[in-house]
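First chain A sits with chain B, and in the next complex the same chain sits with chain C.
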Partner chain A sequence: MLCSISWADKGVEKPWLQGWLTRVIVMPEKEPVLSIKDLRVGIEGNEILHGINLDIAPGEIHAIMGRNGSGKTTAASTIMGHPDYEVNSGSISLNGEDLLELEAWERARKGVFLSFQYPQAVPGLQVGHFLRKSVASIRGEDAAKGPAFRQSLKSAMEEVSIPRTFLSRYVNDGFSGGEKKRFEILQLMLLQPKLAILDETDSGLDIDGIRVVSRGINAAIRGSDSGALIITHYSRILEHVKPDHVHVLIEGKIVKSGGPDLALELEEKGYEWLESEAEIGE
Partner chain B sequence: MGALEEAYLSLEEPPRSDHLWRYTPWRRVHPTGDPNEIPSGISTPEISLTMLDGREISGITIETENEISAPFDGSPTSISFLRAITNGKAIHVRIPDNWRSKVPMVLDIKPTGGLEAAHIHIEAGKFSEATLLTRVQGGFEWLGLLRTGVTGDGSHLSDVLVNKSQGGPLVRVDALRLGRDSSLTAGTVSAGSASTKADIRYLLDSPGANLSVLGSLLSTGEMQLDHHIEINHIASNTFSRLGWHTACGGHSTSVGTGMLRIEKGAKQADAGQVFHNLLLSEKARANSIPELEVEENDVVGCGHGTANGPVDESQRFYLMARGLSDKEAEDALVAAFLNSTLSEMGSDDVHQWLIEAVEDALSDL
Partner chain C sequence: MAMEDARGAVGDYDMGWHDPEHSTIRFDSGLSEEVVRNISSIKNEPAWMTEVRVKAYHHFIERAMPGFGDTKALEGIKFDEVCYYLRSSDATEKDWDDVPDDIRNTFDRLGIPDAEQKWLSGVTAQYESEAVYHSIREDLEAQGVIFLDMDSGLREFPDLVKEYFCSVIPYQDNKFSALNTAVWSGGSFIYVPKGVKVEMPVQAYFRINAKNMGQFERTLIIADEGSSIHYVEGCTAPTYSTDSLHSAVVELIALDGAHIRYSTIQNWSANVYNLVTKRGIAHKDASIEWIDGNIGSKLTMKYPSVILKGEGSHAEVISIAYAGKGQHQDAGAKVHHLASNTTSKILSKSISKDGGRGSYRGMVTVSPKAENCKLNVVCDALILDDQSQTDTYPTMEVANSSARCEHEASVSKVSDDQVFYLMSRGHSEEEALAMIVNGFFEPFTRELPMEYAVELNKLMALEMEGSIG
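Now for the complex of A and B:
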């Protein structure tokens, strides 16, 4: 990857000049945080993803948009290592390391984080205990104790407007939709992953909720070497978390990729025009 | 032969058609296996009462007394047998009227290895507030434990029995009667004894009585647990809830039978019972049979249910996505399953004490 410089974006028109400049200023490629090559995934024999390619460079935020049933959650779950999804072909790597042979917990410890669309309630498991256990598993025992942990927990809770009383509640048990999503982002901030996948984190949130959650995402990702993949139906969250690249997923294929403006275009025109293009392409 | 022995021997062996004895017949848990025999040489385990914070007990009396009978009829075979082998004597724990303490009491029962039995009678005085944690630990060949009691009007009692013993069988019979507007939180925490047969009964025959029965049970290895819980609503405006969680691993067998009875005249009674079994191995077996008899039409609600199943795979994946290995995730889910009833048994201090009491058993899973 060429240091995020796109000749077309910079308005360079002379091909010979492009070649010369390339030789002069090309930088060593940064390995993508996430690299997906020709990924084909199915469930119970039905293929859902039909050859996905995606590279996320360090510090980049990508968004995948698409209708219900287009394969967005399948992509997220597959990257996290959900056992129900069968990878038929292709590869997924994190900082160059193959993920496909790893179980979900091993991927988490390598630095993959999934903010669930529907976070599971675990009655009986206290939030405070769960957070310590999770941080210890992923970042090591020392990161989950002492004043530094308590301070980072306090700051993160303030950032996403979660009161301290949450610590004695049970994980997602009786939480409102907004509380569940804020709790997912709290975990994102504490676990400091290399790759954050946010599966419809904005669904069910009101305007203030989106703002709070976005603040947490920006705090966790911006200015770091982590990458993020935001999965969403709507462009609303992307007004608060500016993506570097937007991809449109239709029927298990990425049919179009572009910059942040693509999200606005989708908001305005819907998905139909892209479905037509995809059909023409086939 | 004494009157109590004669009274027991005059009884017929209870048939297996009886709900109580369906899964574990009396002769299987009788100390000699012969229901027509009353063995001699049954001793009394060591029993002591302390405050959880180490302070001296103040105001509570604990004395051995004769002639304490069960507060109501029920389970005649096992009550009669236990009264016969304890010679009608009971350790009487008396909480005076208006006595209140946030600090729990711990009643330690320590068998010393043989055939042993004890009758504990708990009397919570009017408007008293107390927490009694009864801890059974140590080894035995056979242990009979009869626990009877009454809660005085307006009293609040948390009564939690923690079984961490080795050996077995343990034959436990509870018969507690609730006073007017009193509340009883009755917990059972079990992570021990190879074989347990428990017959636990509550009588709500005074208006406004409020009962919460909670179980957190772990059966592992070759354990066989059989708990029968019977709740009788007789008076009006009585309330009861039963939440019974059993995690079953290894080759263990767990049975939970419930009888919820709303008698005619128990107007505005509100009752419900739910049994949950978490199956941790293919060889583990769990049966839950809640039964309901409602003879009063004017009730707030009355329901029962049961749920059996393995660890929820969605919950497991959620925890694994947070870095917990397969085993860690399962252990956490088992602990959470048991904790959801454990945490309702008392204050935060009681909860912490109970967690510490069972966490070593969880680590053996």
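Now for the complex of A and C:
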């Protein structure tokens, strides 16, 4: 909005134009939600990501596609701050703020969210209690309390078709694969992160499950200033959550980026035709 | 040893302060027949009690140490250095204002008068060897409920005490039941008349204050036919670099159709040997539940037991043990099915951390004549690091083939992925650990009155603090 003020200072006479111009001018200058520069990451001495670059602007949804073992989960875990992954060089920043020095919980409080491919069970920890605690720790002062919290919880649960009985169950304990994924999306909706990373959220879901979690992702990201990174090796979920950009990750490198059509192309042609490009890039 | 050193040895312990010792009577350290007779005589006890004490004393001297549990640590107990009787206040008061200031302050800090007002039916507060405060709600008294400290119980209801004292746990049971019988002082005496249901719990709080103190309270609870009561016991002690000894005996008698629940949160400082014998007898259709939490102490050896004597009776033992640095929790449960259609459930959960050791020791027996019994034993251990240890000694002796037995045991470690998952939801590593640990104990915690559950969760969160290396 700074720009609009400076424009006004210059004495523009047509107010209808001002709004339009503001949008045009502000958009490119807005800081990316996520900015990754030349990121190299290894685990136990083996480098897995060989220099990744990625910018996600506010309101954008990006997809990273790639086969198993291409480094997708490494990317997701590294952004979240898993201690096992060593960052050898490069940078990750959230709205311009460096994340690399922060622990996972600090990143979460800054607004990074990861929907896990394999969410962990915590027996004895009740879902309702866990959600309240997590919302309080991440959203702090902004966290809804009392009846307001219960209301937001209720509507989010309806959105992702989670019954009330869930609240007294233990976190991911004895959940079916589909329940785990819906529970991740429920957390996404309640925590309202600035950056949502969804690691293989569609894997193991049937078509109804994909539709439900997609509804949740769209509700959480669309129309907000947040960004999302969807990690997947199928294009199915991308039919329901339309990405603005699609990147193909092969052997730890982004070998191709494009619009939503790239996902369809991959669906048709597979990854092989891009592998040669990866080699050329070496 | 400086206080800081002691804290280094035992970790941070919130209840570890102590008052200046003030005593109206303090026996010299060490044990002899004379000491035993002196205890009995200053209490003006009937001759039969003196006699039982003396017999028990001789049995204690002759009896060998238990051959199981932490035998090495047991050898370290210096019986000659223990003070066997210390009286800090000459009376058991009915009004907190009459309790000596120091002692009153201690119980204030422990939150006892506050809890009493809010949600308890009655309270006994024991400091060293004697109860210093005692009270029961008037409506319960009017219904004939007796809730006294054990010494007053013996004075006011000698026949009832004589009938049941040592009836569930004879002094010959083990070395420490003999010791307790010889030198017992304080504890609770409860009688609930037929059909009376005491809705709110009664609580006893045991506090050791002096160095090298031995606390030997004796509790006897009799629930007459169709009655019910929930008794809650809490214990703490100051942190000293020398050891204290806590060796209690608790006997429960649940007559036909009665229900006794006995909940304990033992949070002794890490210089206390906690060697306790607890056992109940359940008559026809009666039920006895031990809810047993062991957080503190240097060594705990305790196996709450139930004898299912009457047909259709039920036993439940739900216990947790937390073994931190320098601690060994050797805990478990015993149930003996002597009658038909009896059921039992044992759930034991232990956590070991910073080199602590948690052991489950359990025994369930079914006698040949007991038909259609149901037994369920579950023991779970959670290990928080590589230095810590857990072991399990389950025994089942089933002499009747109609019994249905279930036994499950599990040992798990906190995984990095579990911690990372919780951290990704905004919780620090310590908070994440506390969530996992409190979740693990949840099946126990949910059995506690709300106020205790909250306290226990806080306590475990404190234990997780500063634990991240």
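Just so it is clear, the second predicted complex is superposed on the first by the 251 of 282 C-alpha atoms of A that agree within 3 Å, B and C clash if a C-alpha of one lies under 4 Å from a C-alpha of the other, contacts with A are read in each partner's own complex, and residues count from 1 in each chain.
In this section, a residue touches a chain if its C-beta (ideal position, glycine included) is under 8 Å from a C-beta of that chain, and two chains touch if they have at least 3 such contacts.
All of these numbers come straight from a predicted model, not from anything done at the bench.
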Task: Quick one: on chain A, after the overlay, do chain B and chain C clash, or do they fit? Just give me the call.
output: clash
- prompt: Which partner does A:Gln187 reach: the first (chain B), the second (chain C), both, or neither?
  reply: both
Query: Is A:His82 contacted by the first partner chain B, the second partner chain C, both or neither?
result: both
Task: Answer with first, second, both or neither: which of chain B and chain C does A:Pro123 touch in the superposed model?
output: both
Message: For A:Lys145 in the superposed arrangement: first (chain B), second (chain C), both or neither?
response: neither
Message: Applying the document's definition of touch, where does A:Arg222 land relative to chain B and chain C: first, second, both, or neither?
response: neither
Query: For A:Arg109, is the partner it touches chain B (first), chain C (second), both, or none of the two (neither)?
result: both
- request: Examine A:Tyr170 and indicate which partner it touches, taking first as chain B and second as chain C; both and neither are also allowed.
  value: both
Task: Kindly list the residues of chain A that each of chain B and chain C touches, one partner per complex.
output: 80-83, 103-105, 108-109, 113-114, 116, 119-120, 122-126, 130, 133-134, 137-138, 170, 187, 191
Message: Using the touch definition from the top, list the residues of chain B that touch chain A in their complex.
response: 312, 314-315, 317-326, 328-329, 332-333, 335-340, 342-343
- prompt: How about chain C: which of its residues touch chain A in the complex?
  reply: 415-418, 420-429, 431-432, 435-436, 438-443
Task: State the interface residues of chain A toward chain C in the complex, per the touch definition above.
output: 80-84, 103-105, 107-109, 113-114, 116, 118-126, 130, 133-134, 137-138, 170-171, 187, 191
Statement: Per the touch rule above, chain A residues touching chain B in the complex are 80-83, 103-105, 108-109, 113-114, 116, 119-120, 122-126, 130, 133-134, 137-138, 170, 187, 191
